[in-house]
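In the two assemblies presented below, chain A is common to both, partnered first by chain B and then by chain C.
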Partner chain A sequence: MSMKVDFQLDAKGLSCPMPIVKTKKAMADLVDGQILEVSATDKGSKADVAAWAETVGHQYIGTLENDGVLKHYIRKCTNDLIEEVTFDQTIDLEQITNRDGLILDVREEAEFAFGHIEGAKSIPISELDTRLSELDKEQEIYVICRTGKRSDMAAQKLASRGFAKVFNVLPGMTSWKGDLTKNI
Partner chain B sequence: MSTQKWDASQIAKKVINNEELFILDVRNADAFEDWKIEGHRFEYLNVPYFELLDGVEEILPKIPSNKKILVVCAKEGSSLMVAEMLSEAGRDVAYLAGGMKSWSEYLEPIKVGDLTGGGELYQFVRLGKGCLSYMVISEGEAAIIDAVRFTDVFTSFAEQKNVKIRHIFDTHLHADHISGGRHIAEATGAVYYLPPKDAEEVVFPYTPLVDGVTVQIGTSKIDVGAIYSPGHTIGSTSFVVDSKYLLTGDILFVDSIGRPDLAGLAEDWVGDLRDTLYKRYRELSGELIVLPAHFMIIDELNEDGTVAKRLGDLFVQNHGLNIHDEVEFKRVVTDQLPPQPNAYQEIRQVNMGKITPAPEEQTEMEIGPNRCAVR
Partner chain C sequence: MSNKVAIIASNGGLFDAYKVFNIATAAAASEKEVAIFFTFEGLNLIHKQGMHALPMPAGAEHYAEGFAKANVPTIPQLVEMAQELGVTFIACQMTMDVMSLSTDDFIDGIAVGGAVTFLEFAKDAAPSLTF
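What follows is the complex of A and B.
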C-alpha cells in the first residue's frame, strides 16, 4: 500500500551511515508536522532511524518491510513550539471507550495506519475542513491525536462549525495502553 | 592525524596479549549493551554515530590522548566516518574493518598442547561470539570438533599443516551458531558425525555419534573417544582426546554449566544434566583438561588466549558443579536462565538442514553473544 506522506527519500542501496545522514538532511527541509518516508535497504537503518528520531525529538511512526525494502515513516516535531491546549470540553482517555460516541483520530494517515483505537475514524487535521459532511452533529465526537495538541485545534474548529458535542481527548495516543489496530 | 584501518586479527592479538585499548563504539546503545568487543584492559565509550553527525567536539574531552583509540560500528561505514572526524580534530585513531560483523566471524587458532607421538591439539577461538572449535592433528590426519560455519578457516589450516581431515564431529545440534561440520565433510570427503538423539529431524545423511565411538588419528592412533553426556541437549556428547583432554561441548564451561532449555525441554533434561555433571564426569580423571565449546566472559581466557582448565579444578571452583541439593540445582538451571541466543530456533533449523539462508542472513542470525550457559 502507499501511504500519504509529504516527502519521500530514496536511500536504497546506501549503507550505514548514509541513510541516517540523508534522513537528517531531508528532515531539515520539512516543516513541523510533516511526514517523511525513507526507503532503505540497509537492515540496520530500522533501529538507527528510530533511535536517531528519539534523540533529536522527531516522531518515529514505524517501518514497513516489503521485498527487502524498508520504508521508515518519521514525523517532524520541533518541541520549542509548545501550543497551549485551550478547548475547554475535554474527556479522559480512559473514558472514551465506555461511551457511545465517535472516536475521531486527526493524526496523519501514516500515524493512524501504524496503530489506532479500534473503531476510530481517521480524518487528518489538514482534511477536516473538506470532510465535515462525514460527521454527525448529533453524535458525541471524541477528538484524539498523539498528545492532545492537534486534537485541541480540531475540536475548536469543529465547535466553530456548529458541532456542540465535541470533546478533546487527553492525554492522547501516547498514553493509550489498550490494543492497537493496524492497517499496514 | 592519520586514520588507520585495523582488521579483526589485530584486535584479537590485543585481547590475547592483554594490551590496552580505548574503544569508541558508535552503534546504538542497545546493541552495545547487548554485545561488544571484550578485552581484559579495554575501556569503552558508547556514543551512537547519529549523535555525531554535526561533529565530534563534544566527545573529544572523553577520549584519552595517551591510549590507542579504535572506533567500532556494526559494519564499518559509520566508524570510518567518525574516525575521519576525530582524525581531522587531530586525534590518532583506527577503525575496525568490517565492523562487529567481522569481529563476530574472526577465528584465532591457538595451540592447546602436544599429543602423543608429535600430534597437536588446536583451539579455534571465536572471540567475538565466544565459540570454540577444535582440531586434533597427527601424522597427516585431522579430526575437527564443533566447527563453526567458516569452513575455509579449517580447510586452509589443515592445508597449511599438511593434514587430511578425516573425521568431523558436532558434540550436539547447536542452537547459538551455525555448524560448518557438514559442509567441511562434503568438501573434504571426511565422515560427519552427529548424536542421533539430536538429529531426529535432520534432513541429510550423517554417521551416528554414540557412546563409545572411538576414532584414531594418524599412525600413532591418537584416540578421540565419545562419552554420552546429555543435558544441554538430549544427544550431547563429550570427547576424551589422547587420555588428556575432555571436550565438553555445551555441557560444562570454565565458569558456568550448560543450559537445558534451548531445544524447549528444560524440565525433561535437567535430570540428565545433573547426572552428567555430578556422576559421569565424576568418574573421569580430575587431571583431564576441560575444553568447552564456548566461553561467556573474557575472564575465562587463560594467559595464552586458550580456554582450558583441569577438571579437578572445576570441581572445586565452578559454581555449577557445587550445588549439592538437587532441588536447588533444578531451580538454578530452569529458573535463572539468561535470554535465549539470537534467532536460536532458526539456527537449529539451519543445522538440521531444513533451511539454507544466504550468507548475509546467516551473519545476521549469529549476531550477539552465545548465551549457552547458566551460572
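What follows is the complex of A and C.
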C-alpha cells in the first residue's frame, strides 16, 4: 500500500550513518506536523531512525518492510511549548468507547494506519474542511489525536460549522491503553 | 541530559577512522555538539594525504570487498559530512610537534589545541569516547 506523506527520502543502498544523516537533512525542509517517509535498505536503520527521532524530539510513527526495503514514517514535531487547549467541551479518553458517538481521529493517515481505536473514523485535520459532509451533525463526535492539540483545533472547527455535539478527547492516543487496530 | 559528545581519536587505521567518524556524524545528526581530539596516530585521520590511504589491520585486508559491497562511504566523504554537520576537529599540538607536522598537512577547518582544550569541552560531555 502507499501511504500519504508530505516528503519522501530515498536512502536505499546507503549504510550507517548515512540514512540518519540524510534524514536529518531532509527533516529541515518540513514544517511542523508534516510526515517524512524514508526508504532504506540498511537493516540497522529501523532501530536507528526510531532512536534518532526520540533523541531529537520528532514522532516516530512506524516502519513497514517490503521486499527488503524499509519504509520509516516520521512526523516532524518542534519539541517546544505546550499549546493551550481551549475547546471547552471535552471528554475523558476512558469514556469514549462506552458511548454511542463517532470517534473521529484527526491524525495523519500514516499515524492512523500504525494504530487506532477500533471503529474510529480517519479524517486528517488538513482534510477536515473538504470532508465535513461525511459527518453527521446529529451524532456525538469524539475528536481524538495524539496529544489533544490537533483535536482541539478540529473540535473548534467543527463547532464553528454547526456541529454541536463535539467533544475533544483528552488525553490523546499517547495514553490509550486498549487494543490498537492497524491497517498496514 | 548532556548535549555534547567528546571523542578521542588516537589510532590511525581504517577501522579506527570508521568508528570515529560514524559515531561523530550520527551524534551530530542527532543535534549533539561534537568535538574530536586527534592525537598520535589519530592525526592520520585528518591528514590531507594520509586519510585517503588508511591501512587495514594486518590480516584484515580481505574486508575491502565487504566495504565496497556494503556501499560504505569513504573516509574523506565522512569527514566532509562531519564538518558539514558542525563537528569540531581538534588536532593535538604536542603530537604535531613530535611528528613535525603543521596545520598545512591537515584538511581545512581544523582547530589546534592541547589536552586542556579537549578537557574543557569534555567536562560536561556524555558520552566521552576513545578510539
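Everything below uses one rule, namely that the second predicted complex is superposed on the first by the 182 of 184 C-alpha atoms of A that agree within 3 Å, B and C clash if a C-alpha of one lies under 4 Å from a C-alpha of the other, contacts with A are read in each partner's own complex, and residues count from 1 in each chain.
By our rule, contacts are C-beta pairs under 8 Å (C-beta built on N, C-alpha and C of every residue); 3 or more make two chains touch, one makes a residue touch a chain.
Since the structure is predicted, the reported quantities are computational estimates derived from the model, not experimental observations.
When both complexes are superposed on chain A, chain B and chain C clash. By the touch criterion defined above, A:Ile20 lies against chain B and chain C together after alignment on the C-alpha atoms of chain A. By the document's definition of touching, both partners, chain B and chain C, reach A:Trp52. In the superposition on chain A, A:Leu70 makes contact with neither chain B nor chain C. Residue overlap on chain A between the chain B contacts of one complex and the chain C contacts of the other covers 15-18, 20-21, 24, 48, 52, 55. Residues of chain A that touch chain C in their complex: 13-18, 20-21, 23-24, 48, 52, 55-56. Contact residues of chain B toward chain A in the complex are 28-31, 48-51, 53, 73-75, 77-78, 81, 364. Those residues of chain C that touch chain A in the complex are listed here as 22, 25-26, 29-31, 70-73, 81, 85.
Listing the residues of chain A that touch chain B in their complex gives 15-18, 20-21, 24, 43-44, 47-48, 51-52, 55.
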